[in-house]
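Same chain, two partners: chain A is paired with chain B first, then with chain C.
So, the complex of A and B:
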């Protein structure tokens, strides 16, 4: 293949990767930014989204786009409710203590994984895409559905940013993130904000899972990679910085696309790990993070 | 927010902690205690079956288990082995080498089984086989890796049913170069099983005057493949694919999207689509491509009575799907090896009048003295040549074409044509 089609394919792959990463990493970043909770079970929320899409595809009749749209609505609600319950039952009880939340979300990760294994089974399950359309370039064909993933991610992230900057809920969240105690003194229901943020973070991951499942397959172990990459993005972008997360998602997603098409996916993983190491050494607060607040 | 004392919440009183540990210990030990109380060696022949119930081999594991249960039921209905009933003890190895070894150890130390059979994925069997040898535990593979025949294992390890990759690949290569093309691009999993394909196909294609123009190794846990596909060179005449794991359907789908109608010839190993139905829209483009099959998934016009009985006992219909659920497609081209391996073990045990571990060596020597198996209810896949020195069987291979969403056998390679010179002599090893 010549360089031009190669580059085009790499860019497309990178953009799809970046879109999904943006959603999952934003969830992780939001939870950390506002609550100072490192959510290790974030990848499982992603996986639950994919599994929910499969359940919808099996229970809801009609052409493939009907269960898919249903899954886009049902999966985040279900996963959000689960996250809300987890916040109430676990995180609140341990007072959001940083070390304890890490250990308990690791526990939560295994519980969700094993429950999925018991109910959903160990097989990888395919889900039909809402539509089939192959975009034919002169050199190769590319799934039209993947363009749809990019579009949905842009709309969702745009919506979230607008919500954060221009709504009362967003103000509450930013106030809680900036200074928890002062926010509480001003009458902001911090505990409710925490529960809400944890749920929203999980919902973003779930939407990522629903979007990915027609181009991959639902599998109970699929949460591992998105979790790892989301951590990479959040560390590189700066913990808790939303613009940083978006920029880092695009950087990591694109570099992953380009490197893995031109060289090998393993090299792409090495690169992202190296980037994390360099960022931690030379700019521990992340590329966009603010130091020591 | 009110502050909660973390220490208070996380510390258990020592007494209740100890109590809890004691209770948990008793519960954990219980299966072992009960297990030992029920069966004693000499009353029953206990066979350990480590299957891939979870992990990337789960689809295979489910069907291996179903096939093994059907075979054991049939054996027991026919009076067991040497008058002793056969008991199956199944452990999940998670398609994980470490857990595979643990299962072998558990079968040996706790369940005290007579023999172990059933590992498929080569990275699991590669780890488990040496441990079985150390524990002097007869270990029967239902895998395809070439390691055993190449002499990498030990005297306790046998593969009496399915043939190894080397004999599969080298015996089919002439058909590929004669009928599909001489410039081949290989796409294979990046571990032992894939390397067997790479090494043996490269040699076999070269021997036919062909050339490997592309060589793409894909990590076994990969879920997205588009990024690998640009590496298929434009002058490729044949794409040779063999992949296993959760993402294979995605691979085939993305290959279809990427290549479109201007595709080269495609020759795949059915491993890429075991347990996957062919008549789904994503796979429509595979029509007209070819697959290797050890045992044809779809009942062929010349179906033998043996194939018929085997399908009936395992509960598989003429399309290779479960009789109770047409959506549940079998790993048909591999799972026969569990059935046949059980009957091969039975034959060796009968030859040695096996009643318990005292006749273990005699049983292993009997196995080594076997020269083959005839096509029968016990060996429905077909006649086999067994090489007692290499501990490996050689069987017929089928090449099938996808026609209207079904697989139709177009070429069959006889067991004799799959032979290659001996690479090992396990009979020279001590027990």
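So, the complex of A and C:
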């Protein structure tokens, strides 16, 4: 049997998964890096993005790409506003205490998940891809939409990195991350930066959710796996390190894709969860991170 | 042995007496509900040793509850051992697992500790699913009818009888409660609290805080295993749902609501929450929303729980 087509297919699937993972994990990493907050409800923001895409597809008439583009704009705004409200109503009030935020975001996760169950229902819902185009390989045809996912992820991540490095907002974020008190003394509105970062992190997850719907269907429990994998990526990449997160997203996404094709998806998940636990135990700064300050 | 906190000791005895009388007053349905509450309260009490007394928040205790369920259930199902032996096997499995996981997880601090325990627990849950031919996976396994009764020291116990189950659960609960009274109110308990309040200072005083935490972790996991083994054997069913993330969160919620670091808090929390969830799941399938709302509400306005608030305001001996 020829191994090349299988390997190519697995690599492509891995790349698509890595792209979505990169978006979701970057959101989580940004929030952790700047605010030191582990957001357990991050997977639900991802799920809300997917559900919003389904809602758009059902409410907005026209060829499939019209509601899809609408979803790509509406979902992040909606989810970002929700995250901003959660920050205002909960996180700010418990003073971003690390353990209390984990407990309350677990609560938020259940609230969002079950609200979606009540309104959206328990069934998985499919959404049409914005366009159909098949890329022909000598052995098989591959969905052009999946290449589109990869492209969008690269553009967004590139844009985010540029903003972080070269804009005033990025400077504010980095200053807040480096030393909260000093940043505040220099007149940086730290509470606003926190609310903003939490909202942006959620928006990245929501975009990931919208992108995934055409190939995966929307379901109220779909946030679970992306959350777990994002945890894996953020930890393996080094807590709070953006370049580490990107590298780890590609590594984990690819290896998950490869392992899932050649072995069972459960085995791939066992492998990655154990990897996280052991990295945290033996190398808390992550595989790519530098030792903590 | 002299008893330091006599008021608390008397309250424990009164609680046990009250629970014993309860079975003559309640309807059959509520007796069954209270049987479950007693077992889950044992689980929450075990969780509380780590979270309330030692100040380490674990998100992976479903793994130890599951170790109890599977250690007891699988040895009964495949080896056909008698129920008391299966019960011990479940506890031993939980103790061994929690010792091993503690050895690794306790190298990390606060948030990392929460994530490490969560990840180990998730891996354990996935392993149960992966070996579903052996474990029954999410379908689970029903224990054979021969495993529904046993005799110990000439005493015949039939596990299909509601009365027997309630009193057995109450006995285990009582033993764990009094055991934990001795453990937490004695010198070791003070060390746990010392680690919770200021780990660095405790280390500077010459105590091996890693060993103290490992002891707390193992005791906590072992008691969770007691609850798991009892639950699995008593209702004759084992399944992967017992090792889900949700189970860890329930232990956390029960403890938080009742009052972390109080001996009877987990019982109060488990009782209130279980009855509430029971009522609600009759009304809506989305009852988890209540767990979510309560987790948020408790962290926002009620961080010391019911008994913790009572202790802080009026009853300082309530520990």
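Just so we're on the same page, the second predicted complex is superposed on the first by the 288 of 293 C-alpha atoms of A that agree within 3 Å, B and C clash if a C-alpha of one lies under 4 Å from a C-alpha of the other, contacts with A are read in each partner's own complex, and residues count from 1 in each chain.
The definition used in the following text is that a contact is a pair of C-beta atoms (placed from the backbone, for glycine too) under 8 Å apart; a residue touches a chain by one contact, two chains touch by 3 or more.
Note that the coordinates shown come from a computational prediction; the quantities given were computed from them, not determined experimentally.
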**Study point:** Partner chain in contact with A:167 - chain B first, chain C second, else both or neither
**Key:** neither
Exercise for review: State whether A:284 touches chain B only (first), chain C only (second), both chains, or neither.
Suggested key: second
Check your understanding: Who does A:13 touch here: chain B (first), chain C (second), both, or neither?
Key -> first
Point to revise | Touching partner for A:5 - first (chain B), second (chain C), both, neither | key: first
Point to revise | Partner chain(s) touched by A:222 [first = chain B, second = chain C, both, neither] | key: first
Check your understanding: With the two structures laid over each other on chain A, which partner does A:182 touch: chain B (first), chain C (second), both, or neither?
Key -> neither
Study note, to complete from the structure: So the chain A residues that chain B and chain C both touch are 93-94, 100, 117, 122, 266
Check your understanding: Touching chain A in the complex: which residues of chain C?
Key -> 57, 59, 104-105, 107-108, 110-112, 114-116, 119-120, 122-123, 126-127, 129-130, 249, 252, 256, 284-289, 291-300, 303
Check your understanding: Once bound in the complex, which stretches of chain A touch chain B?
Key -> 1, 5-6, 9-10, 13, 93-95, 97, 100, 117, 121-124, 126, 128, 132, 134, 136, 140-143, 180, 184, 190-191, 215-217, 219, 221-222, 225, 257, 260-261, 265-266
Check your understanding: Can you list the chain B residues touching chain A in their complex?
Key -> 1, 3-4, 6, 9-10, 53-55, 58-59, 61-62, 219, 222-224, 226-230, 234, 245-247, 249-250, 254, 257-260, 275, 280-282
Review point. Which part of chain A faces chain C closely enough to touch in the complex?
Key: 38, 90, 93-94, 98-100, 102-104, 106-111, 113-115, 117-118, 122, 228, 231, 235, 264, 266-267, 269-270, 273-274, 276-278, 280-282, 284
